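In the two complexes that follow, chain A is the common piece, with chain B as its partner first and chain C second.
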Partner chain A sequence: MKLRHKKILTAYLFLLVPLTFFAFIRFYPMISAFYISFTDWNIISPVKNFVGLANYVKIFNDSVFRISLLNTLKYVAYGVPSVIVLSLILALLLNNITKLQGFYRLIYVMPYITPLVATSWVWRWMYQKPPTGIINNFLNMLGLPTRSFLMSTTEALPSIVVTTVWIEVGYCIIIFLAGLQSIPKEYLEAARVDGANRRQLLFKITIPLLNPVIVFLSVMQTIIFLRIFTQVYNMSDQGSGGPLNSTKPLVLYIYQKAFKSFDMGTATAATVILFLIILGITVVQLKVLNKKVEY
Partner chain B sequence: MTRSEKIIKIFSYLILTTLIIVMTFPFIWMVLSSLKPFREIYRPYLFPKNPTLDNYKQILSSSLFPNWFLNSLFVALSTTFSVLFFDSLVGYTIAKYRFPGRNIIFIFILSTLMIPTEMLIIPWYIMSSRLGWIDTYWGIMFPGMITAFGIFLMRQFMETIPNDLLDAARIDGISEFGIFLKIALPLVKPALASLAILNFIGNWNAFLWPLIVSSKPKMYTLPVGLAYFSSENLMHWELIMTGATISTVPLIMVFLIFQKQIIRGIMLSGLKG
Partner chain C sequence: MNFAHKILLILVIVMIVFLSITPIYWTFVTSISSDKDLIKTSKSWFPPQPTFRNYQEVFGLSKDVYSVGNQIKRTITNSLTISFAVTFLTLVFAILAAYAIERLRVPLRNYISFFVILTQMLPPVILVIPIYLILSKIGLLDSKFSLSLIYIALNLPFAIWILSSYFQRLPVSVEEAAIIDGCGYLGALWRVLIPMSKPALFTSGIFVFLSSWNEFIIALVLTTSLKSKTLPISISEFMGRFYTNYPLMTAAGIVSMIPPIIFASIFQRFLVEGLAKGAVKE
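Up next, the complex of A and B:
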């Protein structure tokens, strides 16, 4: 009896600092963010008035907010399918080979672990107009027309997506490869004995069995593209999300509202919107993953 | 091996090898550009005609890069040690002790994973400016001192430790904290290594929060410093690429040394789903 009490006490003692941390650094700020989003607080003035949903009405009437929301959805729509399809294909190819598999995997994941700020500036350098930009020089060499990439309102966003795909692909390859290698060989053997061809093996066995991994990675990548910031900040002029707001995502909008205009109420309202989008996607993921599929 | 299998294999190698060029070229171009003198930087050839280390000398002697480097090193190491200690302590407590509220506490901690950092930065900033944490190391580090993901991970590994082992240590008169430190921790070393390395990389690369919480250039971390330095030297791509190389090379080295732990860590992070 005594030992049991001592152990319970020890457990609480061990959890004291961490629980205080989660309460004050995670939970309380979240509540506080909800609260601020209902006030007209500007960090310079000490007055905080409760304004109800006024901030939410205000941002949806703000054309810059609508543009950045739309841009964020574009990042997701272009980025997520590209990352998933590319990394799945590469993982399947990697699964075909035995020698050097570890080496290829190592090289592919390098962009993922290098500092995003550094890779953003390297790509910005490569995207420069001719004769400076190496990509344009390469296009020139092939006799193709040169492009303005980051300088153009239509090409800048896709250019940033390309860089982000280059970064994220390696991570997804590792997860896909682990998923592929956990598929029992007997399944494939049995199907082969039954006379299934290569394509049937891939689409009827491998990909359905990989489904949970595909869902997991799609959701994870969606959240990553929804939260895109660092690349855009470093690849657009003065971190503005330009040219003409054409690359500005939600998080950059929040950053500018909060730390350039010091309009905390509006900025937190935008963070709440981001939170709700992410929450919605996570709930959908849990629903899809919990649906048991029988093979 | 049948003929079609052989063809598929050769085809796979061919594509995978071509892609290596795409994946590594930006790194190669970064390093090559950092070795070019200014008058060569706008020339379209790959290799520098007169390779020089002058850019490195200039950056190390007349910019704040050495400062930023040390800031990043200190911040990344300190948060990593804190994360290792607290995450494994909480994981151990939840896995190995029976006490009222255990499940609720675990769910509470895990539920914080749902909150995006972007929603917390504004309250964090207000908190930091009230408490005088702006432009301090603590200000940069405090949000990452304990992580819910690490707790989740360590709990899973701590659960595999047999209870008999811990009870035997209790009979030997080792204190409860001693059991955690001397018996439990050494048994989960591989998991600790992966958690450490992923955390170090994450903190070394962190951008948004350090950008907000530091206003004095002296207090910048390497990514924030690089962003600031680059926008100040916009035409000097040779200097920007030198700065980028300086912030990338240590990480590539860490990566090559600890590749096994990193790959395993990435696989473990996939367990979350």
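Up next, the complex of A and C:
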């Protein structure tokens, strides 16, 4: 009995720091954000008045908020399928490689591990007009016209998506490769003996068994694209989310409301909306995609 | 595998390697080019007259305290201090916590992990506003200390998770023997569990390091002066201001990429294992 108490006490002692951090740096701020979203607080005024849902009404009447919301959904809609499909195809091909695996993997993760700020700027330069922009140089070499990329209201968002896909694909390839290697060889061999062709092997065995990995990566990538910020901040002029708000995602909207206009009520209301979107999409994805496969 | 398939495979590999490396390589080439070579429309794969002048400037050989180089040098020091401190402390706290969860079977452990996962989904921006307000109230804005505390808090769940799932796979018998021999919990942890968990420690260590080295939005909000500003923030600011000084800015970019690339090369095996762990084991 005494030993048991000692054990529990030690356990909580060992957990003391993480639990304290959790309470003060995660839990309290979360609750506090919810609370502030129902007040009219800006940093300068000392009083917080409870205003009910006024901030929520205000942001939904704000056209910039609606554009940011739409942009965020565009990032997800363009980005997530591209990342998942591209990395799955590449991983299926790369799974056949046996030599120098470690070296190749190091190369694919390079975009993922280098600072996002630096890679964003690198791409920003690459997207420029000739002679600095190597992408346009390349297009001109092929006889194609120069494009404006980040300077255009229609091309800027897809250009940022391309950069983000470039960053995330390497990471997803590695996860898919690990998933592929965990599929028992016997399943594939048994199916081959039964006369299954390559396509059947892929669609009836490999992909269904890879489902947990696909679910994991889709949820994770969705959250990543919903939270997109650093790339947009660094790839648009003055971190504005321009041209003309065409690339501004929710997180940048929140950042500007909170730290440029100091309108904390509106900013936190927008964070609550973002939180609900992330929660909702994640739950739906887990429900829809997570079908158990057993053989 | 037939011949056509093999050719396709080689093409794919060449393409991926090319696409992964080109932007970084090109940045490097720009950073060692002289201004006049950059204006040329026809680019060569390597500058005719490579120069490391920009790196000399980034590493602050200039005497002027307000030079770009000196400011970048200070933020590099800040970033290194913060990243190493965060990595070390996160590992210490995570080891203790993982031990409590996995071996001491702390009561309510399922609820604890549920809450941790729930908050893990939150975008950092939701935390950043209240944290900013708290820190400004207690006067701890713009400090390496508070930024490190936040990074530790944000990285702990992942590190605890990696370590506790690794502990789960290790046999309990040796530890029990150590405890019976009078080692106590800490002794068993230090003498038995930690030496056996090196791979998991490396994996979580690299991740914590990379995430503190690369973090942007929290540092952007919480740091205002050279006292605590991190490298990504100074890069972002300078890039905006000296938009046209490509060689200098690309040199700063390359410098920011060096620590992650060095770590990833040394700990390549652990990095890949760690990345894969999250997904394959549900």
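Descriptive notes on the structure:
Convention: the second predicted complex is superposed on the first by the 286 of 295 C-alpha atoms of A that agree within 3 Å, B and C clash if a C-alpha of one lies under 4 Å from a C-alpha of the other, contacts with A are read in each partner's own complex, and residues count from 1 in each chain.
Methods note: a residue touches a chain if its C-beta (ideal position, glycine included) is under 8 Å from a C-beta of that chain, and two chains touch if they have at least 3 such contacts.
Worth saying up front: this structure is predicted, and the values here are computed from it rather than measured.
In the model built by aligning both structures on chain A, chain B clashes with chain C. Residue contacts after overlaying the shared chain place A:Gly52 against neither chain B nor chain C. Applying the stated contact rule after C-alpha superposition, one finds that A:Pro145 touches neither chain B nor chain C.
Touch criterion met: A:Leu289 reaches chain B, while chain C stays clear of it. In the superposed model, A:Ser182 lies in contact with chain C only, and not with chain B. By the touch criterion stated above, A:Phe27 is placed in contact with chain B and with chain C alike.
Taken together, the two structures place residues 7-8, 10-12, 14-15, 17-19, 21-22, 25-30, 32-33, 36, 43, 90, 93-94, 96-97, 104-111, 113-119, 121-123, 125-126, 130-132, 134, 137, 166, 170-171, 174-175, 178, 212-213, 216, 223, 227, 229-230, 233-234, 238-239, 251, 254-255, 258-259, 264, 267-268, 271-272, 274-275, 278-279, 282 of chain A in contact with chain B in one case and with chain C in the other. The touching residues of chain A, counted against chain C in their complex, run 7-8, 10-15, 17-19, 21-22, 24-30, 32-33, 36, 43, 90, 93-94, 96-97, 102, 104-111, 113-119, 121-123, 125-126, 130-132, 134, 137, 166, 170-171, 173-175, 177-179, 182, 212-213, 216-217, 223, 226-227, 229-230, 233-234, 238-239, 251, 254-255, 258-259, 264, 267-268, 271-272, 274-275, 278-279, 282. Chain C makes touch with chain A in their complex at residues 1, 8-9, 12-13, 16-17, 19-21, 23-24, 26-27, 30, 38-41, 43, 93-94, 96-97, 99-101, 104-107, 112, 115-116, 119, 121-134, 149-150, 152-154, 156-157, 160, 185, 210, 213-214, 216-217, 220-221, 231-233, 235-236, 239-240, 246, 249-250, 253-254, 256-257, 260-261, 263-265, 268-269, 271-272, 275-276, 278-280, 282. Residue ranges of chain A in contact with chain B, taken from their complex: 3, 6-8, 10-12, 14-15, 17-19, 21-22, 25-30, 32-33, 36, 43, 90, 93-94, 96-97, 104-111, 113-119, 121-123, 125-126, 128, 130-132, 134, 137, 166, 170-171, 174-175, 178, 198, 212-213, 215-216, 219-220, 223, 227, 229-230, 233-234, 238-239, 251, 254-255, 258-259, 264, 267-268, 271-272, 274-275, 278-279, 282, 285, 289. Considering their complex, residues 4, 8-9, 12-13, 15-16, 19-20, 22-24, 26-27, 29-30, 33, 42-44, 86, 89-90, 92-93, 97-100, 102, 105, 108-109, 112, 114-127, 142-143, 145-146, 148, 151, 170, 176-177, 180, 201, 204-205, 207-208, 212, 222-224, 226-227, 230-231, 237, 240-241, 243-245, 247-248, 251-252, 255, 259, 262-263, 266-267, 270, 272-273 of chain B touch chain A.
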